[in-house]
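Down below are the structures I want you to see.
Next come two complexes, and both contain chain A; in the first it sits with chain B, in the second with chain C.
== the complex of A and B ==
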């Protein structure tokens, strides 16, 4: 059970200051647009927090591009909108914090081979719900999501979209309950990413063979035996090595119920 | 159109890295630079059934690559959609690596994927 409400609340309230600049080649007006500053939730997705920013820049671009899909880059790297914002920041700036995080906004030359298309927020919701279901398959053989009603699924999404902690956790706490009679999930939904953005996802039990709770240190010894100095970062912090995986999963997963962790 | 012609019509580039799942009688491992994962493609809803369902695919490829392959194999129009599901439960993101899905959701040495032209499991 995700009992430590204080931690849950801290994670939920995490924000990153962002400075959006319009790509130079997109600017059609003589007057340069002001950059757009905004605090965004670490737990959210870019398409959910960029409506105002888009309206701000639209009048500066060529009107034939006004209906094009907007996309973002950091230092020339296109940002995958389907990754949580906080995770993207950890991936690109975790080792070398840059605040405000300065991003470039584009309306042309959509990088088809790198980014998925996101024509509307329904696509974000579909992606989000699918990820939650995948996490539930790993944790509970999919039994919690399949026995929930559609309105409960909707409440998860609405809680996330509208920044409603209590509304969200009223449902999410059921996804954080242990599997069957066991103490803990069947497997931990976790994705570990290297610098290049490639993720590793494996079946990870929250328990060792002797039944004891598996810690981050033990996980690292299993997965990266030849890298004894390696560390894990999530939500902007390095994870203490003695953290039990079950606790980590219950308290520091993203709203999609996955741990998204940077290897460093 | 005869069955034996179906492979020819699919773009050769799409089939380049995909080999039919073969059993070696003498038990020797297939020598290959890349690790392959066995996948089994199952039609769902009113999706056409693929004549060849078992494939060995490069483990490092994204699952979106399989989506494109199946679309070409079934000769779908560009605007037609294809949905791919794991465990008959969730639709993986197209950039998810096949190896990750196989390690987590593979059964009996293969990854079973259900495909359809309309949304099946939400």
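== the complex of A and C ==
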């Protein structure tokens, strides 16, 4: 069970200041638009926090592009909205922090070979729920999600969307329970990404063969036996090597119930 | 009923790889054009691919041509084969989910279609693909597990009502 409530709260409250600029080639007015500054929760997704910013820039672009799908880039790299914001920041700026995080806003040339389409927030919700489901398949063979009611699923999503910690955790705690007589999940929902943003799928057990709790150090020597120096970063912090994976999963997972971790 | 017996219904990676190799032999025999792609450092990424042209006739009788790419890969979390695809029109534009629904052989509501097919970052190719949601695959395949000669063929036959995909009938007759 996720018992360290202060840790959960601290992670939930993590925010990043962002400075949005409209891409130069999109500006159709003589007057340059002001950049748009906003603090966004690390755990959220860009389509959930960019409505106001979009309205701010709309009057500076060609009206024929006003209904186009908006997208963002950092230093020329398109940002994948289906990852949590905090993870994207850690991926691109983890080694070299930049605050506020300066991003460019586009309304044309949507890079559809890189980004998923996101015509509305329902798509974000569907993506979120299917990721939670997959995590539950790994942890409990999908039994918790399938025994929950539709209103519980809604409460998870609304808790995240409206930044309501108590509402979210009232349901999420059930997804963080261990089942059966042994402590721990069947597998840990974890994605470890290299610099290029690519992660490799692995089934990771929270325990070693002898039944003891597996630590981050043991995971690293299992996955990267020839790279003794590697470290892991999530939520802006380097994870201490003696952290047990089960604790990490219960407390440091994103709301989609996956650990999204950058290799560094 | 929650699928509490999912442990027994999972298709292991080994089973998938064997079925994939058998399927490719049959595909060659029946002049179907599936190809197998193996990554020797990572067996998990072994996938089957096929490119084809498909046509759709709308209500007015107008015929439109599309290019489709299909890929079958192994979904590690669910322990099942997964089906993914992309479709482009003749100008090279990628079809949206709604447009894909429009050319489905099945007359299916938006809500139902979207609950089964979603655009996702492909776990093998790392770019956008439409992926058929795997959550019912295990259950369905387990129903056919005993009678199925090849799990990939059984799996594809579950897809074809939803997505345009030519599946020669000889697959069903082969022993």
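Rule of thumb we're sticking to: the second predicted complex is superposed on the first by the 264 of 264 C-alpha atoms of A that agree within 3 Å, B and C clash if a C-alpha of one lies under 4 Å from a C-alpha of the other, contacts with A are read in each partner's own complex, and residues count from 1 in each chain.
We adopt the following convention: a residue touches a chain if its C-beta (ideal position, glycine included) is under 8 Å from a C-beta of that chain, and two chains touch if they have at least 3 such contacts.
The model shown is predicted, which means the values in this text are computed figures rather than measured ones.
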Next item on the list: Look at where chain B and chain C land on chain A after superposing the complexes, then choose clash or fit.
Entry: clash
Note to self: Looking at A:142, would you say it contacts chain B, chain C, both, or neither? Reply first, second, both or neither.
What the structure shows: both
Next item on the list: Considering only touches as defined above, state whether A:113 meets chain B (first), chain C (second), both or neither.
Entry: second
Item checked: Contacts of A:30 with chain B and chain C, given as first, second, both or neither -> neither
Next item on the list: May I ask you to decide whether A:80 touches chain B, chain C, both, or neither, giving the answer as first, second, both or neither?
Entry: both
Check: Does the superposition put A:198 against chain B (first), chain C (second), both, or neither?
Finding: both
Margin query: In the overlaid three-chain picture, which partner chain does A:129 touch, first (chain B) or second (chain C), both, or neither?
Written below: first
Notebook entry, point to check: Where on chain A do the contacts from chain B and from chain C line up?
Noted result: 80, 82, 116, 126-127, 130, 133-134, 137-138, 142, 146, 198, 200-203
Check: In their complex, what parts of chain C are in touch with chain A?
Finding: 2-4, 6-7, 42, 44, 76-78, 94, 96-97, 114, 118-121, 123, 126-128, 133, 135
Checklist line | In the complex with chain C, residue positions of chain A that touch it | finding: 80, 82, 112-117, 126-127, 130, 133-134, 137-138, 141-143, 146-147, 189, 198, 200-203
Next item on the list: State the interface residues of chain B toward chain A in the complex, per the touch definition above.
Entry: 86-87, 89-97, 100-101, 103-105, 121-122
Note to self: Going by the contact rule set out above, which residues of chain A touch chain B in the complex?
What the structure shows: 80, 82, 116, 126-127, 129-131, 133-134, 137-138, 142, 145-146, 187, 191, 198-203
